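Two complexes, one shared chain (subunit A), two partners (subunit B, subunit C).
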Partner chain A sequence: MGDALISAMKTSASGLEAQSMRVRIISENLANAQSTGSTPGSDPFRRKTITFGEELDRMSGATLVDVKSVQTDQTPFGLEFDPGNPAANAAGYVKMPNVNLILEMADMREANRSYESNLQVVKQSREMISMTIDLLRGGN
Partner chain B sequence: MPGIQLMNLAVQKADWLSVRQSILAQNVANANTPSYHAKDIVPFESFLDSAQLTMATSNERHINVSASALESPQVKQDRSGESAHSGNNVSLENELLKLGETNSQFALNTGLIKSFHRMISASLK
Partner chain C sequence: MITSAIGDSKALQAIQNTPVQPNGAEMLSASEGFEKILNGLGANAFEALRTGEATAIAAIEGKASTQQAVMATMEAEKSLQAALAIRDKVVSAFLEISRMQI
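Here is the complex of A and B:
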């Protein structure tokens, strides 16, 4: 019985880890929202995306969640007219990163919510374990 | 002894509740996993029904053992509910609601074990 509760906590811990990795990717995207290339006509920063997948922990039999892949978003870059920029091509246009700030913020909110939920599960599982341990602390 | 039976039932319930907790934890952890379907376990009543099996005896000298060591409860996938574009149908609100329910049932269960224990101790005084 304790085993199931421990594996519940393990699963939630893997969820916490996956969501924090997601926040890391989002912050990379946000930090590089204006990172252009450095040579004329070169590609700027490309937005990263993250995908989760189920994973079986053979030790405990718990189903964990893991980062399956981090890929790059293939949406085309936007062009901005800025002839003075070192990354400007012959026509004076600079390729801007394909990062959408609103999208990243929405994604971050969702990651935050999922993180909180996982944390709540850890708290409750721990509470249940201590309820069981409290049975030993009889006295009455 | 009936006291033992009560304890047995309470232990089974605790077992069922903790398995449920781990299944719900999986749902919450996989809330953003593509093509993941929410899972739940069979209700406690039907879990008990399926557990009350007795071993077949082919000779009268065989000991009739009832299956007290329970198999782990069956897990079923929930295919209903609105599925997101990613093919995931976990609703965090729903899962957290179920988790709260599991938690309070567990509290009730441990409370019951405590009082069973008090009953047994009272008879020994």
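Here is the complex of A and C:
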């Protein structure tokens, strides 16, 4: 059992990493929001989802956060009428990725907020540690 | 300045009044204690600095994340600051003892 403030910083650091990964997944979803298949009737890009899970840090006993899994969203694809597209089926419909831009934006905002709060924890812990070290300074 | 001088002289009087008879063995263990503290501080600080530097270089090369680099660097900075603060304290304590009237 080490310094609790250091453990707090480590835990926040794992939160920062997890949220970074979340932003990466969101960016993949947004970048591929128009990625259709290339052969008639083929599936387009499927939206990715990310789940987090707790992870015990054996050194300090702190509960960190880690990316548990990156899976795919199983909601059905939307259909768009575009007969000229190489991915169009016999009726002229193209399957579009099941990415909802509004949802991704909201998710990104949440990732941003979560990242911010983890950063604040790092900042505060750091300040508390330096305040304690500063006790040794001065007064002589 | 005056108050600190008064404080010092009072502390000195207190030390002189305490009925301690320092023998050779005690003196030796005291200086060993100082040395041990300084050595330990140096080793810890250098270890933290080395880790911080290695992680920073890994981050520049793209092998480690920005978060890891920042954390390692901050850890190194904190260790160094703590080591310096304790070193200053230990050195001033040593000087205080060397200035003591015999």
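Definition applied: the second predicted complex is superposed on the first by the 137 of 140 C-alpha atoms of A that agree within 3 Å, B and C clash if a C-alpha of one lies under 4 Å from a C-alpha of the other, contacts with A are read in each partner's own complex, and residues count from 1 in each chain.
Here, a contact is a pair of C-beta atoms (placed from the backbone, for glycine too) under 8 Å apart; a residue touches a chain by one contact, two chains touch by 3 or more.
Since we're looking at a predicted model, the values are computed, not measured.
Colleague: With both structures fitted on chain A, tell me whether subunit B or subunit C touches more of subunit A's residues.
Modeller: B
Colleague: Quick check for you: in the superposed arrangement, does A:Ser27 touch first (subunit B), second (subunit C), both or neither?
Modeller: A:Ser27 sits against neither subunit B nor subunit C.
Colleague: Based on the superposed arrangement, let me know which partner A:Met9 touches: subunit B (first), subunit C (second), both, or neither?
Modeller: In the superposition, A:Met9 contacts both subunit B and subunit C.
Colleague: Contacts for A:Glu54 in the overlay, against subunit B (first) and subunit C (second): which applies, first, second, both or neither?
Modeller: In the superposed model, A:Glu54 contacts subunit B only, not subunit C.
Colleague: Determine, under the contact definition given at the top, whether A:Met131 touches first (subunit B), second (subunit C), both, or neither.
Modeller: first
Colleague: With both complexes overlaid on chain A, does A:Asn112 touch subunit B (first), subunit C (second), both or neither?
Modeller: Neither partner.
Colleague: Where does A:Ala18 make contact in the superposed view: on subunit B (first), on subunit C (second), on both, or on neither?
Modeller: first
Colleague: List the residues of subunit A that touch subunit B in one complex and subunit C in the other.
Modeller: In subunit A, residues 9, 134, 140 are touched by subunit B and also by subunit C.
Colleague: Touching residues of subunit C toward subunit A in the complex: what are they?
Modeller: 65, 67-68, 71, 74-75, 78, 81-82, 85-86, 88-89, 92
Colleague: Under the touch definition given earlier, write down the residues of subunit A that touch subunit B in their complex.
Modeller: For subunit A paired with subunit B, touching residues are 1-5, 7-9, 11-12, 14-15, 18-19, 22, 51-54, 62-65, 110-111, 113-114, 117-118, 120-121, 124-125, 127-128, 131-132, 134-135, 138, 140.
Colleague: Help me check something: in the complex, which residues belonging to subunit A touch subunit C?
Modeller: The contact residues of subunit A facing subunit C are 6, 9-10, 13, 16-17, 20, 122, 126, 129-130, 133-134, 136-137, 140.
Colleague: Provide the residue numbers of subunit B that touch subunit A in the complex, in ascending order.
Modeller: Spelled out, the residues of subunit B in touch with subunit A are 11, 14-15, 17-19, 21-22, 24-26, 28-34, 36, 92, 95-96, 99-100, 102-103, 106-107, 110, 113-114, 117-118.
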